[in-house]
Every structure is written in structure tokens, then in C-alpha cells.
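Each chain carries a letter (A, B, C and D) given by its place in the written order, and its residues are counted from 1.
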Amino acid sequence: MVKPLSRNQMAWRAAQDLEEGMVVNLGMGMPVLAASYAPEGREIIFQSENGIVGAGPEANEDERDPDLVDASSRFVTLAAGASLIESAASFAMIRGGHIDVTMLGGFEVASNGDLANWDMQVPNKGQLVGGAMDLAVGAGEVRVIMQHQTKDGSPRLLNVCRLPLTAPACVTRIYTDLAVVDVKENGFLVQEMLHGMTEEELQARSEASLSFSANLKPLATPDI
Amino acid sequence: MIDKRVSSVDEAIHGLFDGATLMVSGFGGAGVPVELIKALDRSKITDLNIVINAVRFLEMHAPGLFQDHRVKSLVCSAFRGRDRDPSHYERQWQAGELAIDLSPQGSFSERIRAGGAGIPAFFTPTAAGTQLAEGKEVREFNGRQCILETAIKGDFAFLRAAEADRFGNLRFRGTQSNFGPIMAMASKVAVVEVASFSDKPLEADQIHLSGVFIDRILVASETGV
Amino acid sequence: MVKPLSRNQMAWRAAQDLEEGMVVNLGMGMPVLAASYAPEGREIIFQSENGIVGAGPEANEDERDPDLVDASSRFVTLAAGASLIESAASFAMIRGGHIDVTMLGGFEVASNGDLANWDMQVPNKGQLVGGAMDLAVGAGEVRVIMQHQTKDGSPRLLNVCRLPLTAPACVTRIYTDLAVVDVKENGFLVQEMLHGMTEEELQARSEASLSFSANLKPLATPDI
Amino acid sequence: MIDKRVSSVDEAIHGLFDGATLMVSGFGGAGVPVELIKALDRSKITDLNIVINAVRFLEMHAPGLFQDHRVKSLVCSAFRGRDRDPSHYERQWQAGELAIDLSPQGSFSERIRAGGAGIPAFFTPTAAGTQLAEGKEVREFNGRQCILETAIKGDFAFLRAAEADRFGNLRFRGTQSNFGPIMAMASKVAVVEVASFSDKPLEADQIHLSGVFIDRILVASETGV
């Protein structure tokens, strides 16, 4: 049995696709983890929808400023070239197409790119949508980082999402603990897969039918 | 001479009435007008419609609001309580005692900006094709489905800033501003609590929010916040 | 024959109604003249729609800054407490009802408050609307400063405007060279009139029928 | 390392194409990107749709544009020429050679902001009940007639600022900003000419427009403007 990627490894893999000069918004959880794994030397502008354009690393305990938090409510620092804006301006930036890439967590992605990542429908709990819908609709590319299956083994790469949609037909790429999967015109196309795994094994863990790239590569990450 | 300072927190919230729509700024602890929210908690004002991004900050600083059933409706983007067990407000919502207008955070912001900018409604692609579009007008623009969202206005707004001058011109620190500027614009009476007051007018090209939008300035007590 | 007010006197009279703390936008011509006649000691915030909140007096020749002009393209100064904003923010302020009073020039006002002040329909010349429509719709009060009649003696206080409208039912008060006239539910109500003029004379220079305040006052201004 | 500076005015306007929609900032001489407009004048680019508040500033700095009939349409709030005699552009308009979309200045600004903010259309009370509402959808909100206005987007935007850093973060002097920020937001390629360049990044809380919206920076020649 092959060993799935850790959360850190998933974040690392996703981070490798961030390019010099890109404006990137990272959702809570694994996506924000990715910021620390961006390849050294690449200048990437991390936007945080509560009003930071150019967020830096998380603040050390002694440099925490209660007035400076990111959209995940973490104490952060500012990177060189940062600017600070109010919420309507921040979402104008997002909705207006000025974010090159958003990386979001996900519950389910359908083969047409539909994303469900906001409402788990937990009994007795209220709803929380936050900025996910705006990001899914506004960003140039929507990339999702999520486990390939749920804890109880249900697939997350589906024919049709079961959970409430965040936005239709928006996802371009998915990073899971098993594979890197693009969403193409005719469905899921696997670009990378864990070494030692077979196409049949990955398909068995997915509901929607998968195609495999002619140039399929092993999903390799450092040991983190 | 214009001077928008008030001398007490009671004066700051004076006139806020039962049934009012109150907007409250803050994100992740930054820009939360804690003194004003606490004063609201101590008051007996009830039947409130509260516009706030994340409801948990309201319960954190004004637990009495929900305990005493003084909120009748909420406009927000994050209604979920932090704990596994349902919060007071989640239970009231389940019991049908609390009405909720849940908006994506960008539509929430833009609806408030629209309220302050004299735009009664706008089309947006956000939430089109989702559950949150239910009951909303749909129209296609440039091949893309959009929904019609309406402006939100308030009777009062509470916000927090770093510094004010007597005109109400404001400067924010870090990510303090968030919903403050748009809420001040969208409300009849905008009340700001500030950490410091500048005796000299702030520099014209370094002002984050024009004092035109601010009605009252509460200079926070040193120990208060 | 009574002597009509000069342009300066009309501007002076209009300025007397500006109150402490008001946010005021002044249109081109006589309205901007009014700023210099505001009663001393009153702190009034003059908004200029190209991006000044708190415009000061016109700049002296030696203090002119090409980067600091008002909506009439005059070189101006900043008053204490001024702030500078971009155009969408400025018109959000205007349309959103944050300007207490706008004083505008006018071609015609109808007895229901309709204002025509933007298109003279000059042959061979293009149209210029500028910010007049936004101000007429957005300001708390719309006050008009204009000659009571046109140069060829036609009335400007009309039953129905003949020129294209700026906004319907928006004007609250008119300052002319002969009178101060309010627009009320049932039409024009003269509040002040030049000393020596009769009600019949003023009516003869107006198309719409005028009512006269029970408390009608002489329109008195300094000799400027 | 991000550095958005270009080394010449030709590079600054490179890629601007026949038939493009170009937005040009400036009000009353403040914030007018004179070097860029002059470079446009010298170019042979034609069939332009130009979005500019007051058309006379375009003719002032780029007389060749109208003389050579290189503008096919204009979106503006002030189309009138300054002189008693009709200008080149007024004559072309009368001859039916030039299409005009005249908007109230506030609707002009808001339409551009909408273009940059991903809002395809909005309702506004401005111009309702006037000639400029002709052909536009009318709807009543809260007892008030409003009309539907649509977003404006550009292929290129030209603006002028006082200072930039390598990220394209901008500071404006006085009333320089006017339509610049919204035009930069609404356009695919935003080109700014600046009086000075800061080797150090500008202070995060003193930036008037985020560099995210800026693509190219032309540091104006000392003698140039």
C-alpha cells in the first residue's frame, strides 16, 4: 500500500505551481500552509480578503499585532510591497478578476469543475460561507487542495456534487493526497499520481471517471 | 468648531433604538469596536437587526444580546458558532426565533457599500447557481449568470480605528478597517471608537476614511480596550 | 426700477444659509463664488466632486499647484481637516446622501422642483453633463442660484421645464437676482424679494404662479 | 523580482491595438497622463474607443487623434469643446462619424468601478427621468425611479501618479487620482506615468492604489512633463 501525502506535502505540492509575480489568495487550512512552501526566490503576492495585499509569513509569538490578522484569523506579517485595504475594495479586487489563483479547501469537486466547499450541513450548526463563493467566481484559476476521499472512504471527485455548491464549473486543478488532477472540458485528467499506485486503484477511490495524462508523472514531494 | 468627540460611551450609543438596524465592523479581532459592543450589551436595547460579518464576535463581547433574545435578525457571512455544541444564536435560529440573511462575504461587503453609495441594487456573479441564489433574480451578462443583490443600510454603525481628528477623519492600523468604512457610509449615525485622538487635523493624503461619514468619536479609555 | 442683485450679491445671499458643519458641494460659476461669502466663524466642509473633501479658498498665484484643482478646474487650497479621494468614492459620497447641500447654477426650475441646468442645446456644440445629475439626485438639498430671467427676458421659474431635465423634483430653494424662492408641495413660495419690488412685478417675470410668504422679507445684501 | 518599470514610452504603450478600448484619467489638468497621451498621438493606432471624462483634454494633448479620424467612439461626461466654434470632435459627432456614450460623471465613475469590481450592472437614481435615461431599463426601489447602468471595461488604461514602487503601488498628489484607480482596475493593461520612483516599497498604510492593478510604470522624464 502506497503512503498518501501528509497535509504538509499536499501544501508543498500545490505551492510548487505558484509562479513569480502571481497574485494568490489562500483559503483556510492546507491552502494557507502552502505559502510557506513556495519555491524560494519567487516573489508571490498573497492577498488576504480581509484587507491585505502582500501578506508575509505568520507572526512569531513576540511580533504578534492584534490589528494585523489574515482571513484565517492568524496573526501575520506584511511582505515587501504590501498594501492594506478595506473589505469592499478587497472583494472588488477578487470579483473583478485581479487574483490570478485562489487555492481553496474542498469537500467535493465534480467532473465539470463544480465546487462544494462551504456547507457541510452539520446538524444543529449554522452556516458559514465567508469569501469562498467570491473567490471561486472571481479568481483567474481555482485550485483545490483536499483529501482524495472523506474520512469514511467516500469519494470527493464526483459526477455531480451532493453538497451545496460554492460555484459552478470553476475548479481548474485539484491537489489530493494521492494525485494532481486537472479539470478539463471532458472531465478529470490525472497529471500526477503517487509512485506505486495504479490507475485502477486511483479510479476505485473516485466516483467520476478519470482520464490519465499521456505524460503521467509520479507525485513526488519532500519528506515533510 | 466641528468636534465630533463624545465624552462617554453612553453618549456614543445615545439614540440607538429598539428595532434599529445596527452595523458592527471587525474581522478576526481587528477593528472590533469592543467598548461600543459592550455598552450595547449593558443597554436594554432590543429587537435589533444586526449586520455583522461573523456573528461569534458579537456573542463574544455581548453575550447578553442573545441570552436575552434581543436580536431579531442578522445579516452576516459567518453564522456558525465556534464550538461543537450549538451556540445561543444557533439554537435561536433552529427554533425559528432569529432570521438570517447569509451573504457571501464579497456580496455582504458590496451590498453595504451600495447602501452607502446610493446604489439600490446590483448584479453579481457571486452565488449564482448556488443555494444562496434562491429567490433572487437571475440575469445573464456576457454569457455569465448573475443574481441581483440589494443594498443594506443601517441606522447606526459601530467601528474601530487607530486615530481620529476632530472632523472624524480616520486612520486604521493593519487590517482594522475591514467593514468599517463601508458601514460608516451606509449608516445614518456612524460611531467610531479610536485608540488615539489627534489634536491636529490628519494629513489630507493619509486619511483612510473621510470624516464626512463619521458622526461620533469615542476616544477609548486607556484601560478599556 | 429696483436694482437687481449682482452676481456677487446673489452668491453672498446664498452663502448666508450655509450652516456650521454642513457638507456642501458648489457648482461652477456663482455657486463657487459663494464659498468666499460664507459667514465668518462657520466651519463648512466644501466637497468638490473631483476628489476634495474640505476645499479651501482659491489659490493665490504664487501658491498654485497644478495637481490640486477643484471641480471648476480652479487652482484651490485645502481647508483644515481636508481629505482627498478618487472619483468613484467621491460620487459614492454624493449619490449616497452624504452631501447636505448642493448649490448649482440653473437654466430653468419648474414649480414641482424639476431642474434643468445641464444642456443649453447650443447648435453645433456637444453636450456636457458633468456631475450635475448626481448632485441633483444625491444631495440632501438642492439649491439653485440663477438670474430670475434669461438675457432676452424669458422667465426661468416655469410650470414645466422646456430644456432637458437634470433631475425631477429636486430643487428646494432658488436664489435669483430678485428674490429667494422656496419650492413647496404646492409650488413656488417667495420668502424674500428686493425692496421696492411688488408681488405683481415679480410674478410678471415668472411663468409659474408664485405664492408669497406671510412673513415675506426684503432681500438685503451688502454692496459687493 | 517584480519590477513593473518600462524603459521607454513606446514600451509603455506597446500592444495597444487598432479597435481597442482605452481609458484615460485626468481632471482639470490633474492626473492627466500627458506623456502617454502624446505617445498615443504619435502612434498610428486607430479605430479607438476612448473612455475619458472630458474629451477636450484628449484633443489638447493628442490633436492628431481627431484630425486623423482615429477615434470611433467615446464614453465621457463632458463632450463639449471649449471654444464657441465647434471643435474637431464636435464636427465629427455632428457628421455621424463619432459615437458618444454620455454619462453623468458619477455614473461614468461607477460604471468604470463596476467594470473593475466584477459587477456587470447596477441600478442608480442618477439620470432617471431625464434624456440620458432613454433606452435604459427603469425600476423603482423604495419609491424612487432608478435606471440600470452597465459596467465599462478597457483594454488599456493610462493614468498619472506622483510616486510608484516596483510593485506598482501608487501615491497620488492633490487631486491627481480622480479616475485613475478605477480605470486601472477596469482595464487589462494599466499603464501609469509617475513623477518619481521609490527604490523602497511604499508604506503599506499610505498607498492610494495597490500595485496589483498596475502593469507598467513609466517614470516620466524630468523634462517630459
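Criterion: a residue touches a chain if its C-beta (ideal position, glycine included) is under 8 Å from a C-beta of that chain, and two chains touch if they have at least 3 such contacts.
Everything numeric here is computed off the predicted structure, so don't read it as measured data.
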* **Chains touching both subunit C and subunit D, listed by label** => B
* Measuring from the mean C-alpha position of subunit A to the mean C-alpha position of subunit D, what distance in angstrom results? -> 36
* State, to the nearest whole Å, the distance from the C-alpha centre of subunit B to the C-alpha centre of subunit D. => 33
* Asked: Taking each chain's centre as its mean C-alpha position, how far apart are subunit A and subunit C in Å?
  -> 56
* **Residues of subunit C touching at least two other chains** => 84-85, 91-92, 94-95, 137-138
* **Of all residues in subunit D, the ones touching two or more other chains** => 110, 113, 117-119, 124-125, 172-174, 205, 208
* Using the contact rule from the top, write out all pairs of chains that touch. => A-B, A-D, B-C, B-D, C-D
* To do: Would you tell me which residues of subunit A are touching subunit B in their complex?
  => 48-52, 65-73, 84-88, 90-92, 94-95, 119, 124-134, 137-138, 164-168
* **Complex contact set, residues of subunit D against subunit B** => 110, 114, 117-125, 141-142, 144, 146, 150, 171-174, 205-206, 208
* Asked: Contact residues on subunit C for subunit B in the complex?
  -> 20-21, 23, 43, 45, 47, 53-54, 78, 80-85, 91-98, 137-138
* To do: Please give the residue numbers of subunit D that touch subunit C in the complex, ascending.
  => 27-31, 53, 55, 77-81, 85-86, 89-91, 93-94, 100, 102-107, 109-110, 112-113, 124-132, 162, 172-182, 208
* Asked: What part of subunit D is in contact with subunit A in the complex they form?
  -> 1-2, 113, 115-119, 165-167, 169, 185-186, 201-202, 204-205, 207, 210-213
